[in-house]
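Both of the next two complexes hold chain A, though its partner changes from chain B to chain C.
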Partner chain A sequence: MKAVITILAVVALASVPLWLRDPYLLNALITTGIFVIGAMSLNLLLGFTGQLSLGHIAFFGIGAYVSALTSLGFDVGLPGGFRVVHEPWPPIIGLVFAILAAGLCGYFVGLLSFRVRGAYFVIVTISFAEVVRLVALNWVELTQGPLALTNIPSIALPLPGLSELTLRTKMQNYYLVLVVALIAYLLIARLVRSHFGRAMRGLMENETLAVSVGIDVTKTLTLAAVISAAIAGAAGSLYAHYIRIIDPEVFAFINTVTMVIMVISGGKGSLAGPVVGGLIFGLLPVALRPVMAPEAQWIAYGGVLMAILFVLPRGIVPSLAQRLTRRRSGAKALALTETGVEERA
Partner chain B sequence: MIARSVAMTIEQVAVRFGGLVAISDMSFTVGEGEIVSLIGPNGAGKTTAFNVMTGFLTPSAGRVTYRDTALNGLKPHEIADLGLIRTFQRTSVFPNDTVYDNLLIGLHRQGRVRLLDAILGLPSARASERKLRQRAGELIEWVGLERRAHDAAGSLSYGEQRLVGVALALAAEPSMLLLDEPVSGMNASETHRFVELIRSIRDRGITILLVEHDMPMVMTVSDRIVVLNYGRIIAEGTPELIRNDPAVIEAYLGHGAARA
Partner chain C sequence: MAQRHSRRIAGYSGTALSEFLQHMVNMLVLGGTYALLGIGLTLIFGIMNVVNFTHGVLYTFGAYITFIVVQQFGLNFFLALPVAVLAGWLLGAAIELTLLRPLRGSDIDTTMLVMIGAWIAMQSGTLWIWGGVAKSVATPFPDAPLVVGPVSVSWLRLFVLAAAALLIVVTYLLINKTSLGRAMRATFQDHDTASLMGVNVDMIYTSTFAIGSSLAAAAGALLGPVYVIFPQMGDLAAVKAFAIVILGGLGNITGAVIGGFILALAEELGAGYVSSGYRDAMGFLIIIAVLIFKPTGLFARAERVG
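Now for the complex of A and B:
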């Protein structure tokens, strides 16, 4: 049942560029897709370990900058009279570096903050994002500061036996984002169903008990942070090579908030949640643009979020799934739900 | 009595919270394969002693040794790796998961496969996963919760949650099990079944240290009893000896218990 829905959804998403020719809408879908990848990575932390990263956009932005700089090249002076000169490399290597760099940052942020969790983790992540934004803004020699890195090359795929395929059209980029999103989805799915995922769930539900059966808190949570950050870095890299211009505004707090909204509305802790929430809140501005002013759009945005959480308090996917099972197995499922609600209260 | 080799040694352990002395100068040993009970009035320091032995608390003085490894400074999960596993007084389950999934989480120590193998779904990871599922099924059967296997652990009765807690502890393959008030909240027949369970755990060669208030149960199941009062040991010996110890009767059992 679940597998059928997943396959149908993938087929539906893959068919979009075949019937949708409007470049504006395709563009909206591509950027939405990139943010959905970011939301999925955030969900790994928020939904499966219960840790809220309010600086998640930092990993995304680091991925974007690392990837852009790898493919553009740079020439910067370091303290002590050293100069680092880097010749442009293919963007696909930039993508790999983006994943590694963001993952490494995730490791340090995780290691630092998981000794003291909860609110401290939230604060460390916010500060981290702000520090990274300030670096991007002020290290003008490397990042061009507010002048932005421009002319970032599109991603080119080396095809065996043929020449490179540079992804310039919207359709090509759509499929690139779709493929990366699928890989991220499968990676997270496999991870949370493995014994690492069970360790994360155990820690979230009852940390003392989890520790007593031999689960290592720091190791488990740091691992989740590394993978989450690495996926966000990949999304950032896609963003840089698709938009082809990147400035420190990418680190804006509102971008993190958007991802959090996508996760919460879709349903944290469910694999499909960030995808559903991401599609709704990524495409809502497109739907609202013809009918209302930007300021009114923000109000509508908030209204939709409140409406979703009012009707489906656990987020769209878990709430709907729960209603389905309840209808199927009646009172027993109801009892289950109620203990779940109690837990939350 | 047969001379046993010593599994755990508690030497001159003291725990102070600010000015409050929770445990002062506690020393005793637990032999391999023995069932030892730690009893005493509320606030005597029993749970504190458990917390020290399992790394949830660092003692202010003294040391705990398990099978020649000093436990001081080890984290709880590292102590669990030595085979020293505990259950908890109150929160004994992962409430939102099914009983079956609870045990899969509890089998963490057995299920360690490399991350990449798990993500790629390699045969070794799948084989390990199959083994875990089989083991989880066995453990559920062993504590007699087959009918509840697919219910959320949080929806179980108090006594049943206790059983899940014990199964979880057993899933971690302990060589020594520390049970914190396992039968509180159980009715007489549940308690009786639980005593059988404890005996069969010991028959598997697992050492047991028990904290419990249910005196008839403690007297039946224990090889030896250690009595704590105000953070210090006031008596130690076989159930027969403890039952008739004047200091214990004064502090804890009351004069009715001598006839019980």
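Now for the complex of A and C:
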């Protein structure tokens, strides 16, 4: 049943560019798709280990900058009179480097910040993202600072036996994002169902008990952070090569908040949650644009976030799934459990 | 040759000294307002266990109150501060009653996200009402600064320092010498026991949030006229407040005051001797360093969360 829904959803998403000709909407779908990948990676941390990373955009942005710089090349002086000169490499290698670099950053952040939990973990991750943003803003020789890195090349796929296929059109980029999103989804799904996934969940539910049965806390959490950061880095790389211009504003806190909203509204700890929440919140600005001023849109955005937390604190997908299973398990049990008790959530 | 060389060094160290003194004076002025921000947040964080993302918006709100009072209504500049404190108090109480009270007992992540939603909505509201163009406030102080030896400081900044010091003392007395303050401290230590001893914990939470918010608004009302006023000004202020709270330890008012001055010192020295572009990075680096090496804060008495 679940597999059928997944396949139907993929087919539906794959058919979109065939009937949707509006470039503005297609563009909105592509950027939404990229952010959905980011939200899925955030969900791996937030939903399956219970750690709220509010600096998640740092990994996304690092991926974007690493990928852009790999494909653009740079010439930068280091303290001590060294110079590092890098010739432009193909963007596809940039994507690989983006994944590696973001994963490495995830390793260090994971290692350092899992010493502190809860609110403190949140604040460490925010600080990390802001420091990275300030470096991107001030290390002008490498990043061009606020002038932005421009003319980032589009991703080119080396096809076996054929010449390279450079992904320039919106339709090509749409399918690229869809494929990467699908890979990320399947990877996370596989991971969550593995032994490692059960260890993560065990830690989230009851850390003391998990430790007592031999789960290594630091190793599990750090590995989750590395994988999560690497996926976010891949999303950042896609973003850089699609938008083709990157400036320090990519690290803006509001971008992390967007991902968090996607995860929370869709349902943290549910695989489909970030996808559903991501599509809703990614496309909400498009739907609101004709009827509202941009500032009012953001007010609505904040309002909807609060409303979801009050009305559906567990998120859309888990609440719907619960309702469906309850209906199927028979009206008798339903009548027994629900008499007199108002169902919340 | 050697003589000329040594004179140049002496001359250089003379400017270096006056530069350093100037940084110290700036540090005092900044530190006072940072301390206000930090006290407000440490009270809310410590007593209510709420990661208050609206703290920065309240700071912005206070600055806009000054703008309204002085520029839009043309009233006396000195009236702006008390109005901002009162408005911050009311807005804080309203946020607590409508958003936080219904969520009491939810986990810390849920309340934090609701606070983020409120922050986005309120900041966008500010942008909608007043636009994104930075505003400045005319002050009654003379343009010429007060010059003492090598150091010059504007009269406005002196007023900011004096007002901040006054508010810090008032808050200290409120927490340590009044029955409300005693109830707040009891709630901080153990809210169940405090509740059993007849403390109205709901009322304490509302008062705490209102007082914390009014201090943030006061900080904004004081620093707003020094710089310029714009809707996003509170974002950095909020993170700085978190840095101060982490430095000083949760719920520790003295720690927050010292933390405010340490952050101001780090920023002044960082901007003066490293690079002015990294001034705002100091707060974040302090947060990361403190949480790695001494997660309980530098002046910890209280237990940390998480």
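The criterion applied here is as follows: the second predicted complex is superposed on the first by the 322 of 345 C-alpha atoms of A that agree within 3 Å, B and C clash if a C-alpha of one lies under 4 Å from a C-alpha of the other, contacts with A are read in each partner's own complex, and residues count from 1 in each chain.
Convention: contacts are C-beta pairs under 8 Å (C-beta built on N, C-alpha and C of every residue); 3 or more make two chains touch, one makes a residue touch a chain.
In this text the structure is predicted, and so the values were computed from the model without any measurement.
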item: Touched partner set for A:183, first chain B, second chain C, both or neither; value: neither
item: First (chain B), second (chain C), both or neither touched by A:7; value: neither
item: Dominant contact partner of chain A by residue count, chain C or chain B; value: C
item: Which superposed partner A:84 touches (first chain B, second chain C, both, neither); value: neither
item: Chain B versus chain C as contact partner of A:292, first or second or both or neither; value: neither
item: Partner chain in contact with A:199 - chain B first, chain C second, else both or neither; value: first
item: Touched partner set for A:208, first chain B, second chain C, both or neither; value: first
item: Residue ranges of chain B touching chain A (in the complex, touch as defined); value: 54, 56, 75-77, 80-81, 85-88, 91-97, 101, 104-109, 111-113, 115, 118-121, 125, 129, 132, 151-152, 154-155, 165, 168-169, 171-172
item: Chain A to chain B touching residues, read off their complex; value: 187, 190-191, 194-196, 198-199, 201-202, 205-206, 208-217, 223, 332, 335-336, 339-340, 342-343
item: Chain A-facing residues of chain C, complex; value: 45, 51, 99, 102-103, 106, 108-110, 112-114, 116-125, 127-128, 235, 239, 242-243, 246, 275, 277-278, 280-281, 283-285, 287-288, 291-292, 295, 304-306
item: Of chain A, residues touching chain C in the complex; value: 52, 112-113, 115-124, 126-128, 130-131, 134-135, 137-138, 253-254, 257, 260, 264, 293, 295-299, 301-306, 309-310, 313
